[in-house]
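Mind having a look at this structure? Questions to follow.
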């Protein structure tokens, strides 16, 4: 058994990342030939105790996707960290918190209350909520606890590399495997994608004029989008200028603006603040009233600018005003 | 990108500034605290850091302790950053390894709790210590200075500045909005306190301007645009038509006597509307240039500014072969290259109608001070006789001080010259009419050389001084002696009771205020205005003729009310400041320019943000490029770059973040 | 949302608590006005820390969120009056950012009064004093923002986890979870 | 056009002729006035001198009642009421401590004042809402040949009014000229009538009345037109005392609304003219045109 | 001009503000028995004559803040229609107040002569609200009980207060009658013709005006008693 061991794991995520391994298509065969997959919940049955039984650092690399929200996910993250030589945050959720991270706009209590009591579709007169421990017929099953905030993987355990994307593209995954297997690894902590914004590889780049002054914003569904032209002069928010490249500009290729899943470049501390700065500075209006009229069509700045990055933003999550 | 591989060795100095800082900030304690911070090799407190020994201390320490960063906590960097950069350089370091902390203007002078002020000083110092670690060596650029000068405004300030520069051999362009130079001073009869005739001292200087080989005089002209930076300004001037070819007109004025209007009929601006002039006229006999002009609003040959054929053109006939009259003259736009600019645009007098309680406009015998100037002037509309609008001669005259001055509802400031000019007018009016003169004042402000003596002289002459701000000027009489007169109701505050004083003439000593277009002029030349609207000097004491824009200087009443001696002195100072720049031949530019990092994605977001078009898109590399010569260092593109791919010397992201961290990590 | 839901609710501010304000002042107008306030010996609250930039246009919204995240209770931005910017329109650029940023912060539960943009010309030393005092009073009424404390309270969960992990594998050479996760990130 | 109407104590007492002429004139112009239910003393001048806070509370009760009534503007014809209501509104906004006081007092009687009710004077409404054109159209008996000295007094132009120039108010001048009369230049138009001093320090008060009457007479006025019940009372009721101190000066003082009523051809007996000590007599040179029916409200 | 400094001053007081019919001579006070030629009293002020803090305290009242800016220009007196009768001109009242001369200010009859015409407030170049300061001074004089007992103005104010508290409105004639009863019978008699005029013209009404919710006023006052708006 000299083949390196590889694990895939899945925390708070949609599962799409695990599927991407299949997106490697025939290359998957090459990978499988060279490695042993020891953990892959979406495809293989595997027990916690089996994993625990492995010696520490026995797994060469673990590709963990999903954000960390529950105590169980935390435990798995810690366990996998211990068993792995390289822990790779795989995909936007593990990298930045991802879509689940948007929950950080709300208090945990509010989330529980809404989902178990107040949502229109809920019938729960007893106001029952999931408990971490219950007693039933003499047994005491445990349920994971929901943590106060959604975290990116590196906010829970040390991470060696990041593979960005929602989900990461096969090319990047393939390159990561190649690097891992060949040992030609970049410095620890690197994001395994180019450190330059998406526009660099966007086919629409050349169509952007040098004098954009926004007078109106549209959401993608509000307008018939020109398939060739840069989205920004069309008044559609595109996160491309504030987002790492490496995806091959797939969304613009499908006539949708970039939503920022690769996260910011290394030179940026807060992706949302940066795109906000750039878009607003380029508004045409001068009067407060007119400025706000134009900006009105960005109805949800948090959801727009921090779609993937709220959990790793400078403000990280909603502050609790009730205690302030 | 900004860190230096070398080990950081910081020297920190906290200045007592005598008691200015030390009385509110525990300087030794700050020094002790900073010594504990990472990277700090030595930390000292010292009485006067800006003194020579203070600066030498820095130089010695750099050499002795192999310092490679210097932080001084003292006054505002706007005051002494330059000083300490020089000291750092003299110690053998790049001057930009220095950073300054403002614990005087922003701390000791504005706070009252010693513990809080000391804590603040520590926080600011901590931020600087963190920041300075990121500093890098930078080069200062030198830009040559164009030796020509523009002077804007041809009053006594502009005239004096232009002559000073021209006599020093510099080429000067003097731009004046009116058809003649001379400004307000040309309207005065006498000047206080010496009572020498304004024309006698001004007109020789005016003619000298007109004749000087180094001065180009453009009247009827406005500056409409200014571009560039210190040493290299491009100025656009609009020259309005006067319908006379200045080169051909000899100033014989035969055209005026031959105008179809036999009698002067139109409001004479120079005489404050007290006299009349013709459509073709010269503002006053000593006008410079000695060239007539045509008022197209009233000239029969123009109907509402459009050329018609309604006149026999007798003026043209009179001009004959000289052919100086050109009805078809058009507005011209000219461009100038200059290195420095002196703005001397003067003031306007307060519109006394804004103080309706004094009845100007309702009662014909209420005059403004400038009208009174013309009335006592031998070359004025009445030949110097004090004859009122109703044809009578006054037996009693009230002069009301502070009209539109020291009044929060109009202008808050003291106009500084009114006390003196009111007394001058009191003297002249008494001399010319023999009337009883009452001065109504709040306080007499006579702080100049020989001014108090002038006040004494007026008292000796029997001019009445009543301390009290007049409540109203009215025409309703209560006693027979008041019938048909203007009655001034005032508290004689020194006597402690209210008085009613009937007079035949009231003179309103209007205050001085900024020109109506001061705000536009300010924007034009990139200057600031104080709250009252006068142009703001860079420092009230140490840089009174400098503005916040290098190479632009101010002189005269555009900076604030002042009298003629002060104006002339200030104009000389402004000329000297311009000469300093010109003679040095170059200016040094702060190296705070922005630059594009290699990881630019070419998204073009920054291109429209630069007001100086310093950022362009390189079509071959598909990246943005910043032209360092055009960049002025505002950093707007840096703050807006969505991928963090623009840096700015002296204000790098890391430097600012480290400051934020520094001020907040307690 | 009950206070008890948080792992350790922020403690009520002590009576001596004063808000911390980070101010970004443009070199030409507001910084100069603050100098003028000093020269005029005006007195104002000592809790403001001024960072000098050349223009309000340089104020990157990242600076603002960073200051709040690091414990500022309020951020004050001072620039030249509209039309007066030394760099033509840097202040307008800041105004535009400010409008959306304030909305964004509000959506994140941060009171809009905590971030303030003021036009203060070089002559308005009095205004510097008035604005700082007024903002201090407003922030006092709002109470501490306390983001670092909040982050710390969340981190208790992670510190506990790291401790458990360390107990489970004391010999493990790899670094346990960091107590300062945001520092780990790139 | 509909206003809440705050008459104030004077218009129910000494100044009832003002109300008697104001109501029909406003009705005639289609301005509906709804008397504020259960209004109380505005807290006027004398009260301000005893306790400013209480005066403000009194005024605030009225303003709160207006807001409760659902009408969004209040018309205060009396100069003192106009001033006090406006002053209270200013204090409410300018001084947090005053606002607290008002809130507390009103809270005790279950009322609340929000602070946004405009307080209007009839002159303001007539000039700016009704308009001179509409007024001119109503004139059937132009007051041609009548010389009027317009007397505004102090408190409607100072210090809170914004609808006219405090130095040289002209709203009443323009209104009276629209009625066909001639306005004489009267420099005392904003001088004080003596206020309550006629009653308390007669020597000072009577002198002021004399000056006002005498100057108007000297300038050829047939009458003084006023906007304030106290001014009207002072200028009308003390002729005997004036005569005793300074000799006879007889000049009638009318409310501007009375002149309007006359010009509109409204019945004289319904304009309260009989309530003056010095009766105002005016017979037009031209016979009246038929009176048009009032504008529907 | 009669007032030229070189000429002999006129015999009487200055003619200004004197009505043609007024006597040029200030009437001499009626005296009985021999009086000294001149009566003197101390006018010098010692520090102990001041009430330190009086001015500062007054400036804390809403509307009175600007007093500290007074430049003693006299505009207030210049426009005041009553300044001709005042023992201290309004300007002097400002100076005395600011100088903490509480006794002089509260005993001055200037504050009782102010007719609240606001001319001074509108004209003051320092935007001092002099009328409001006069109100505040009146209130303090009443509070301290230093006004003349039968001086009509404070009495009027007091009666006004009582009537409003009770009825919510003012019945002017009742007020006037009470005023005369409490101050001077003589004055009431002197005004008999006025009363007749009022009766004749239907303006003399003694029917008390009342509001419906009469308790309201008292309840409101009780709610704020002891807490003056300004001092909070």
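First chain written, first letter: the chains are A, B, C, D and E, and each begins at residue 1.
Convention: a contact is a pair of C-beta atoms (placed from the backbone, for glycine too) under 8 Å apart; a residue touches a chain by one contact, two chains touch by 3 or more.
Computed from a prediction, not measured in an experiment: that's the story for all the values here.
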- Message: Can you give me the shortest step count from chain C to chain D, moving only between touching chains?
- Response: 2
- Neighbouring chains common to chain A and chain B, by label: C
- Query: Chains shared as neighbours by chain B and chain C?
  - Reply: A
- Would you say B-E or B-D is joined by more C-beta pairs in contact? B-E
- Message: As a test of understanding: of all chains, whose mean C-alpha position lies farthest from that of chain D?
- Response: A
- Most widely separated chain from chain B, with each centre as the mean of CA atoms: A
- Message: Roughly how far is chain B from chain E, centre to centre by C-alpha average, rounded to an integer in Å?
- Response: 49
- Round to the nearest whole Å and give the separation of the Cα centres of chain A and chain C. 27
- Query: In angstrom, rounded to a whole number, how far apart do the mean CA points of chain A and chain D lie?
  - Reply: 73
- Where chain D and chain E are represented by their mean Cα positions, the distance between them in whole Å: 24
- Message: Can you pull out the residues of chain D that are in contact with at least two other chains?
- Response: 211
- Multi-chain touching residues of chain B, meaning two or more other chains, are 357, 478, 609, 636, 639-640, 653, 657
- Item | Residue list for chain A, restricted to those that touch at least two other chains | 268-269, 274, 277, 281
- Note on the structure: Every chain pair meeting the touch definition is listed as A-B, A-C, B-C, B-D, B-E, D-E
- Message: Which residues of chain B touch chain D once you look at their complex with the stated criterion?
- Response: 356-357, 474-476, 478
- Message: Help me check something: in the complex, which residues belonging to chain D touch chain E?
- Response: 9-10, 12-14, 16-17, 38-41, 43, 45-54, 56-58, 61, 83, 91, 94-95, 97-98, 100-102, 104-109, 153-155, 158-159, 166, 190-192, 194-197, 199-204, 207-208, 210-211, 237-238, 240-241, 245-247, 274-277
- Message: Show me the residue ranges of chain B that touch chain E in the complex, using the header's touch definition.
- Response: 357, 395-396, 402, 406-409, 436, 442-443, 462, 464, 467-472, 478-481, 489-493, 496-501
- Message: So in the complex, the part of chain B that touches chain A is made up of which residues?
- Response: 597, 599-605, 607-609, 617, 622, 636, 639-645, 653, 657
- Report the residues of chain E in contact with chain D in the complex, numbered from low to high. 19, 21, 61-63, 81-82, 85, 112-113, 115-119, 121-122, 129, 131-132, 135-136, 138-139, 142, 152-153, 156-158, 160-161, 164, 168-173, 176, 179, 187, 193-194, 197-198, 200-203, 205, 209, 211-213, 216-217, 219-224, 227-232
